[in-house]
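Common to both upcoming complexes is chain A, partnered first by chain B, then by chain C.
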Partner chain A sequence: MSSPDSIVVANGLTKVFKDFWQRPKVTAVNGIDFEIKRGRIFGLLGPNGSGKSTTIKMLLGLLHPTAGELTVFGQDTSNVANKSRVGYLPEESYLYPHLSAPETLDFYGRLFDLDRATRKLRTAQLLDMVGLNDIGHRTLGEFSKGMARRVGLAQALINDPELIILDEPTSGLDPLGTRQVKDLIIALARRGKTILLSSHLLSDVEDVCDEIVILFNGKVCARGLVDDLLKEQSQVRFTVPNLSPKQVQDALARLRDICADDPVVDHPQRNLEQFFLSAVRDAQQTGVTQTGARASEHLADFLSTESDT
Partner chain B sequence: MLLKIRQFITLSSLTTSEAMRQPICLILAISSIFLMALIPILSLHQLGESGKLVRDSSLAIHFLFGLLISGYAAGMALTIEMKSGTASAVLSKPVSRELFFLSKFAGIAMLMILYSSCAFISELLATKALSQAYYMNTPIAGLLLGSPFVAILIAGFVNYRWKRPFTSQAFLALFVILGLSLCIALTIQPDAQADHPIEWRLLPASVLITMALCVMTGVTVGFASRLPLIPTQIATLLIFLFGLMSDYLFGRHQDTSVIASFFYTLIPNWQHFWMTDALTGGGHIPWSYVGTTSLYACVYLCAVLCLGVLSFKYSEVK
Partner chain C sequence: MNQIIAIASLSIRTAIRSRILQILLTLLMAALVVFPRVLISDGTLEGIIRIMLQYTLGSAFVVLSIATMWAACGSISTEVQTRTLHMLFSKPVPAARVWLGKWLGLCVLNFFLLTGCAAIVAIQVQLTLKVADATEAEIVKREILVGRQEIEPDDVRFMEKTIRSQLPIIRKQKNIADDVPDSIVYRTVVKEIKTRPHVVPTDGQHNWTFTLDEPLAPGHPLQVKFKMASSLDRDNTPILGKWLVRTDTGQSWTHQSHERAGAFAQFSIPYESVTDARSIQVSYINNDHQHPSSVLFNWESSIRLYAWKTHFTTNLLRACTLLFILLALIAAVGITTGCSLTLPVAAFTTLFFISMPWLVVTIHESMSSAPTATSHAGHDHGPNEGHEKGNADTKNTVVTSIHQATYTVLSPVTRFHPVQSLPDGKEIPVHQLLEALFFCIGIYSPIFAIAGIRILNRREVGAV
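Showing the complex of A and B:
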């Protein structure tokens, strides 16, 4: 199943949690297989308790698989040095509440043995990227959930990782922050990063993922490329500029000659996210001063492109 | 190897600073210094043995409050980090479990050394303040009593002016102020009537207590690698109580019973670290004894930490 381009390979991966007496309590992941290729945005979907976070924690070596094979960059997940190529945003923002945002990024930078100048540069660029460069020395304990999430995202990128694992990355973010994170994920993938995204927010996954696996009760119940899975093969849609009622009637008459079922005519609708974003952008252009996180449109410069890695 | 050393320093210094930022640790430290400052005043009219009372009481406060700080901070360092998820965030980086566990111990041990330094200076000042019955060295007593308040004021100012965390600044300020107080005490001319010099012979007693606190930290961190916070605290308390009674419960039966001998070896004997009786009547604790006890503490700590590392290495971080 694995190829030289495979970043993550799972074969028959199983995780059984045991009770105090070592008796099987729950099978969180039950013999799943999947493969993540370089440069892909891979979605791990499923309802609560389907085994998404357990799978991610096994990938990071935090939990030990009960059975099956799991490799990252061709190595066993217990390989500590391998983790220097991985960035991880946990489901909750697991950050030290007494540290400020720059102190947090500096701390994680030290764990990757980055020198002082690099840490300083990356901290500044990442805080700018997540819109927190004006936040000063407030400790993370004082941050809102969305702001802490942004710091969590910044710490996941401090080492310029090749594989980025994002567990519910848009949880706690406002629609504007959600859009920014989705744009960021797409931009990172364009730079050759491989991204594993776990979420139960289907619209997020649909917007960014190339390929998905849907888990239910610890087993894979669907998998494939997003476009292939979502394409309605039995129908065709035409989109044309606005027509007069007479032109519409003419077109319908012609279509009725071609197909047996009655064709449907309507006006395409923007979704609420697009409407909200345009309303906020209009408001921003009025020049109102903002507190908290700011919108940022660009990636941190240090995040390398595929050719660099 | 160099990377591991740097990671160890980063993680252990963060552990120290996080522990110093826990309000409970600061409250316990300030309370113990304040109590030590009160002992000379409360013992002023004690007939005879007032010097011994001050000495024994201040060392006992050092030991007791140190154990409380060590138990709380060591439990927090691992159990709460595992529960809150910060441990999993750190272990998702290129940090080995062994290094993470040992750095947690080292961080709390650093905190205990800092606290013990404060407590030792306070012991010196307290015994200097009341070295004889009915005679109080008021400037020294004032310096000791005022130190916690000055530290709090300085930390408050630093917090207001530079927005630095109050609790850790108060802890550091307490150490600095007590150090300055000791320097001032050394320069004050002795009163011809009844003043005694600084009792430096308290140093070995204090070093022994600090070693006991480090052993206790190792035991607590070891338990915390597998148990939740409350069971960790209960297990630590039991180890402390059995360790205090180790000679009575197991020591006297060790020649006749294998089980007693096993438990006598297994449980740390706190009596080895509590040598205040040796200071009675102007006596000294020989440094050779401190060396032997250090060896015992090191061997015990190594064993406890090895077990802790093994336990943490195969545990699952949820």
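Showing the complex of A and C:
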């Protein structure tokens, strides 16, 4: 199943949680197979308790598989050195509340053995990227959930990872932040990063993922390319500039000659996210001072491109 | 190394910014500054300084031990609960470095806190001496603010060797059966000896011989500390007597004594009178004709010589180093228990591990002093008695072996008493520091480290 381009390979991956007496308690992941190829945005979907987080924890070596095979960059997940190529954003921001944002990034940078100058440069670029460069030296304990989430995202990128694992990355973010994170994910993928995105927010996954696996009760219940899975093969839609009522009637008459069913005509609607974002952009242009996080529009410069990796 | 330092500095930074350190500093200040002022001493400068050295440093050590134990137990277990350890283990950090980083962080914190405590104690002592009477201050400097070697009389020091060498003769003289083990005979003889005091009647004398292992430090007097009792109720009247000191180099020196019974007293022998001596004989001559009575000296603890070895500052630093080593061991035990247990359970388990050596030593001492049945004649032997006795003997042997092994492994930790040595002006020898370093940092801490690292490697951190 695996190819040289595979970053993550899972074959028959199973995780059974046991009780104190080592009796099987719950099967969180039940013989799943999947493969993540380099440069892809891979979505891991499923309702609560479907085994998404357990799978991610096994990928990071935080849990040991009960059965099956799981490799990251062709290595067993217990390989510690391999983790230097991985960035991880957990579903909650498990960060040290006594540290400020720069201190947090500096700490995680040190864990990757980055030198002081590199840490300083990357910290500044990442904080700018997630919109926290003006936040000063407030400790994370004083941050809102969304701001802590941004720090979490920044720490996941401090080592310029090849594989980025994002567990519910938009949880706790406002729509603007959510859009920025989604844009960031797409931009990272364009730079050749492989991204594993776990979420139950379907719109997030739909907007950014190339490929998905849907888990239910620890098993894979659907998989494939997002475009293929969502395409309605039985229908065709035309989008044209606004027409007069007579032009519409003429077009409908012609279509009725071609197809048996009655064609449907309506005005396309913007979704609420798009409307919200345009409203906020208009407000920003009026020069109102913003007190929270405001991300820059570009990626941190140090995040390498595909050719570098 | 960068990762270890990062984790260590994170621990320090977290501690500094948490309320725990503020509470700890308040408790330490209370122990170091308030406590000696609240405690009632005997009113003498000596008493005040002793309290400062023993109780302040002792209570500071107790506060630091509890804080270290709690912080060590929580350093990993709290991170497991708050899941910050997920983040740490999702980075390329081996479990060994996490353990070492946590331990190093606690050690650095303890180093600074202990240094601060030592500085406060030293400043308080100096300030107290400054306002004290010059003569009293001089005595305190000579007897307490110093590091002296305690020398026991040869009959106490070499008692075990002497008795053991004479065991066959004692057995023969007392007609002891062959199946009574030497250890029981030895214990019985020691007990007998210790209950007999040295009695010096009027016009009588008693001699003690002291062998010096090293030459005396030039310029420093040799001190004699003694305690005697009288056969009469003397109603606080001093006992008159004469001390005669003779050396193997032919020098001699005398001292007239008029000390009260029941209290420790000291006198100094000038260095010039004992120069180059390697063996010193100290004699007490009872010449109290005003109140004729016998003078009694406890066989084991009535007399000691004290030879100058080092300055007080050096001794204080050595005491703090010993305390630091013990705290490092507590930290190692705490971190390891915290690797597998939640905070309160880990703290109780750590407490158990820490108190185990003292428990084993206490059991050992009570076993050593327990009376043993040694009668052999006049018994009716039942048909199964031999078999039952054999079983009991086997069980005894197994239990004794286990106990002996545990005692051998754990008892070294109980040998270090830095807080008790300081107020007596006793030197903490360098070899004791090396011994503490060897056992606590070289053996016990690595054992706990290996156990902790193994637990961390095997544990599924993500399961919490």
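The rule is simple: the second predicted complex is superposed on the first by the 308 of 309 C-alpha atoms of A that agree within 3 Å, B and C clash if a C-alpha of one lies under 4 Å from a C-alpha of the other, contacts with A are read in each partner's own complex, and residues count from 1 in each chain.
In the analysis below, contacts are C-beta pairs under 8 Å (C-beta built on N, C-alpha and C of every residue); 3 or more make two chains touch, one makes a residue touch a chain.
In this text the structure is predicted, and so the values were computed from the model without any measurement.
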{"item": "Joint occupancy of chain A by chain B and chain C, clash or fit", "value": "clash"}
{"item": "Contacts of A:L63 with chain B and chain C, given as first, second, both or neither", "value": "both"}
{"item": "Chain B versus chain C as contact partner of A:E92, first or second or both or neither", "value": "both"}
{"item": "Partner chain in contact with A:F112 - chain B first, chain C second, else both or neither", "value": "both"}
{"item": "First, second, both or neither for A:H137, with chain B first and chain C second", "value": "first"}
{"item": "Partner chain in contact with A:V80 - chain B first, chain C second, else both or neither", "value": "both"}
{"item": "Clashing chain C stretch [against chain B; choices 149-157, 239-247, 275-283 or 329-337]", "value": "329-337"}
{"item": "Interface residues of chain A shared between complexes with chain B and chain C", "value": "57, 60-64, 80-84, 86, 88, 90, 92, 94-96, 98, 107-108, 110-113, 139, 155"}
{"item": "Complex contacts: residues of chain A adjacent to chain C", "value": "17, 54, 57-58, 60-64, 80-84, 86, 88, 90, 92, 94-96, 98-99, 103, 107-108, 110-113, 139, 155"}
{"item": "Complex contact set, residues of chain A against chain B", "value": "57, 60-64, 80-84, 86, 88, 90, 92, 94-96, 98, 107-108, 110-113, 137, 139, 155, 159"}
{"item": "Touch list for chain C against partner chain A, complex", "value": "2-3, 5-6, 10, 13-14, 17-18, 82-84, 86-94, 460-463"}
{"item": "Footprint of chain A on chain B - complex, ascending", "value": "3, 6-7, 10-11, 14, 17-18, 21, 84-86, 88-96, 163, 165, 314, 316-318"}
